[in-house]
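Pasting the structures here.
In the two assemblies presented below, chain A is common to both, partnered first by chain B and then by chain C.
== the complex of A and B ==
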């Protein structure tokens, strides 16, 4: 560290000449020292261990590695501690039996008991399955609706900008607001959805009370909120496709449907992947929505997901270690979503 | 095999400031197997005209017919035409093979193996067999151009439409593709409409050229006719590089009076003028002869302003000794001539063009040994 800061002061204050180090130390700051014209075998050939390490670091990581560390090192350390450090700490807790009001987890006895317990817990299995259904159905439906909206808007309709804003607006609402909003919409007695269904002789349906429907009702509400986002991503993708591709497909004899299916939509692969990743991450964070829907840690029967179960186990039931284990499973799922995306982007040289 | 006919075709666009006429009353017929080049400055409506034939642009009035069938309301999907775009418009997510077979898959019910066979035949014809599995982004500009051509050729359509297909290539490749395209069209015998702003392409490639300006058709004729017997001043000025010299003149007492010179006319030319007095005299640079001394009344004393050596010839900018008017002449590349020299420019009576200044219409074109011209046209 001493060497690092000496080098830093050397790099920053080279012109001021206040670095009064002499002989072999003067070399480490890379400055041209006048007395080098007379080689002194003893001091010159052995620049000292610190300088050698510094030179090795420079060779390996680029010449500005140490000098630039002032800028990247503090945020790097903060993130390392509070993000990655927290993940590792969480992993450790999940391996203990920490629960209740004990003062501190006992790190002396680490095992996978919490994970085996999770696999044997039907509540956990249900929550995991619900999370997967939510991820896949929500992402798929949102992408499909977003693509449809984007294509319709891209065909040059009137008031295009107004429509774009209207569709995108729900995304700016917080989960808390949309949850309250859909709570009213789905109300059994006088919710708009049931009133509308009543006019065609269906229902009323207890959307939030029936555990076979409630997950789909939640997915629909989330889709309503985020299809505008998918639309904007797709719209940007569509705008990047030259008009000649549409025209060439037309002249080639493709019907409008075929043109979109075979020529336009395949070119939206990049947009689909990036929108899907963002939507999946939102889907995993649906905790806020479910929490606000019922105002507590216990979502409607049939809509429990890993995020809600994790918080409930930890903070309502004080099963700290078990909650931590669920969190690690959720973390693994998030990695499984993000990882392939990062690899894809890396292969395309975007990272 | 098809004939294509445009009858009083008109296209207008609505704008904030009113109506913009892009194509105005264009009528022409293209014979079976003919190569028609549509040429004109940018914004003259030539691409719009092509897109109307392709069905990508609606027709405001008039009719487009293919094989005597009006196709105004036929969707471009059903017109059996193939188009080559300036940007090539290759589908980036498909291989070259996918690009070439797409049209056949969509427009015909041919079985897959037959499509594959047609694609490989066409690829062989164009020398791109080794590229079939590659993506368009991995190809050079010239290769992409070939694929775009192949995509059109493989469909064996009634009509080829080409919208400046060579303008994205470098000069050398363009010259090579020009020849190749001409040969291909001749071999395939497909009726072709080719849009370009490049007059070299227009002169060399087409059976006939159609010259468009401001949405109006100026002249449809063989390249040599257009060059030597232009219908009006626009055509005369558009074709030829360097372009024709024009002088505003008045016809007085059997003589053309300009700012810098007086040019006596023969009886034949005088008759052709038919009483019009405000005229434009035109002479092509290569028809101006440079001499040492003046010997008759068609010779004028000039000073050399600038010489542009091109190798095979020199482009010489001349200034009349009297007045401010200038003209361009081309001289043999071996002529020793430099700026400041005094030379005599001879404007031969048989080479002059005379246009009506008001309408631009050609009143008198250069006299040619008409046998030579018709022989050249045969």
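== the complex of A and C ==
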């Protein structure tokens, strides 16, 4: 990998230099070179050794590799620095004992102390369990509601656009804003949820104060916000299924329910996978929502997740290294979801 | 026929049409629409309840149902006034980083996607690069926060580089805004690239191939052919990206940190608004929530189609 980069950057320097010097001429011996026109040594415009390396790289990687690198390489390097560089740096910080007001961590003494500390911290275990519950329940519920909505909307209804717009509306709002709405919905005395439950004789329930319920209340609110998203993804999936499949199922005499269960839903595998991946990532980012519920780093008791605990440890308690270690665990969880997804997409030729 | 007769004939056909519609509607369809309407209610009630609450007086909040309008003497715009006073400067600050970050990440995303899609080089080498970029979309930002803080505060020190700006009387908290622009561009680039790439993959390659055979450089192909055709996708990406950046709290919390800072973005102020020692002022919170959501709501109402396309890609 590093070798590739070195060659690349050398070649890049060459091609951009040529661009400045002699505009179009550069391209005849530069990026556009295809296999047949590799310049012979000693022909009319003798290319330098760099150009010959460039041509070799082009032959190896495809004819436009060098010329196109001007377009994608600088942004890619920015991403590499901010995403991958930062993750490696974060891993390094998690191995130090960095805490408090010191300006920089001491990289001289690396060990796994922060990770053993996490395993011994009941708060961490709780947060990890809560994160898993949130991910599974939130993703499952949101997909189910989204699928239901998509099927209903796909039945050739009127006002389709209006319904779709309404269902997707919460998704356009910030977590900070929806947290305010749900704080009010879940209010003990005046909240609509308790009002509704009161009509059937239940409650009132302190949704955000009871630590056995609060996580489910949060999951429900997140489901409200993102089921419109799942609907949009499923709707695109449904529209891609040829109508013959519906007709064939009906000719076979399958009931509507059976048709969806046996014929249609299995074909939505791709939509389910991509929606599930995105939803899990949203779930891991639920930090914004929990922070705004209380206006502080400490979420309601029983709703602490790794995302909130990490930020609290680092930015409220100044346990930088410990926060970094929690972040690495969270990253590992994300990777366990993203990795297989990327392999799947690659196999389907989608990358 | 007189006008009246025409009108009467019109009315009878309309009634007939209505009757036909009602007769053709099967019980199943009635259930279908009932479910759709109930679900619409489910999505709208929290928002509607917030809106009516934001214009209620404190007594009306206790006296009326949370979803009911306040009634004639329970209406007040006082909370909106307070919320706007508190949030207006945050609104300006948010625009100050959201707009440049959106535009820059969209342009860079388009260029990157072009470089990774149109030119021909081997898929075996392209795919890992694209996989790395796509994975960048899904990274939980917690995994980069501590290094990000280190990077901006210890390594770069934008506050020192821009000392000439502070000399003009701009509070040096605005260094946080510059950091937010760059940070949002870096972390927004992967999704922008992916959106443009899905679009460019469907673009016809014939014109581009023939232009390449005529000796046009990649830059020329981009400027003359690809960029002019990218308009619809730019709309999608700009709208999606603006919503994301405007709504994000985590980076503002880490890079600007205090809501009392003159550079505090609107989400940061809103997160602490309306909670005090005397209890929570819900009307103020709701008014603030709506005011802070106005830009994204406006974008959603006017460009709902593009927004849907952006999230579903």
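Just so it is clear, the second predicted complex is superposed on the first by the 282 of 351 C-alpha atoms of A that agree within 3 Å, B and C clash if a C-alpha of one lies under 4 Å from a C-alpha of the other, contacts with A are read in each partner's own complex, and residues count from 1 in each chain.
One rule holds for everything that comes next: a contact is a pair of C-beta atoms (placed from the backbone, for glycine too) under 8 Å apart; a residue touches a chain by one contact, two chains touch by 3 or more.
Because the structure is predicted, anything quoted here is derived from the model rather than measured.
Student: Check whether A:218 is in contact with chain B, with chain C, with both or with neither, and answer first, second, both or neither.
Tutor: Touch status of A:218: no partner.
Student: Who does A:191 touch here: chain B (first), chain C (second), both, or neither?
Tutor: The answer is second: A:191 touches chain C but not chain B.
Student: Which partner chains sit in contact with A:323 here, chain B, chain C, both or neither? Use first/second/both/neither.
Tutor: Touch status of A:323: second partner only.
Student: After superposing on the shared chain, does chain C or chain B touch more chain A residues?
Tutor: Per-residue touch count on chain A favours C.
Student: Between chain B (first) and chain C (second), which does A:258 come into contact with in this model arrangement: first, second, both, or neither?
Tutor: A:258 contacts chain B only, not chain C.
Student: What is the contact status of A:247 with respect to chain B (first) and chain C (second): first, second, both, or neither?
Tutor: first
Student: Quick check on the superposed pair: does A:269 touch chain B, chain C, both, or neither? Answer first, second, both or neither.
Tutor: Touch status of A:269: first partner only.
Student: Of the partners chain B and chain C, which touch A:152 in the superposed model: first, second, both, neither?
Tutor: The answer is second: A:152 touches chain C but not chain B.
Student: Which chain A residues contact chain B in one complex and chain C in the other?
Tutor: None.
Student: Chain A touches which residues of chain B in the complex?
Tutor: Of all residues in chain B, those touching chain A are 54-56, 75-79, 81-83, 85, 87, 89, 91-94, 102-103, 106-108, 151, 155, 161.
Student: Which residues, counting only chain C, touch chain A once they are in their complex?
Tutor: Residues in contact with chain A: 32-33, 35-36, 39-40, 42-47, 49-50, 53, 61-62, 65-67, 108-109, 111-112, 114-116, 118-122, 125-127, 129-148, 150-151, 154, 183, 185-187, 189-190, 193, 212, 215, 217-219, 222, 243, 246-250, 253-254, 257, 267, 270-272, 274-275, 280, 282, 285-286, 288-290, 292-293, 296-297, 299-300, 304, 307-308, 311-312.
Student: Which of the residues in chain A come into contact with chain B in the complex?
Tutor: Residues in contact with chain B: 242, 244-245, 247-255, 258, 262-263, 266-267, 269.
Student: For chain A, which residues are in contact with chain C within the complex?
Tutor: My answer: residues 24, 27, 31-32, 61-65, 67-73, 75-76, 78-87, 89-90, 93, 103-105, 149, 152-153, 155, 157, 163-185, 187, 190-192, 195, 224, 228-229, 232-233, 235-236, 277-278, 281, 284-285, 287-288, 291-292, 295, 306-307, 310-311, 314-315, 320, 323-324, 326-328, 330-331, 333-334, 337-338, 342, 345-346, 351.
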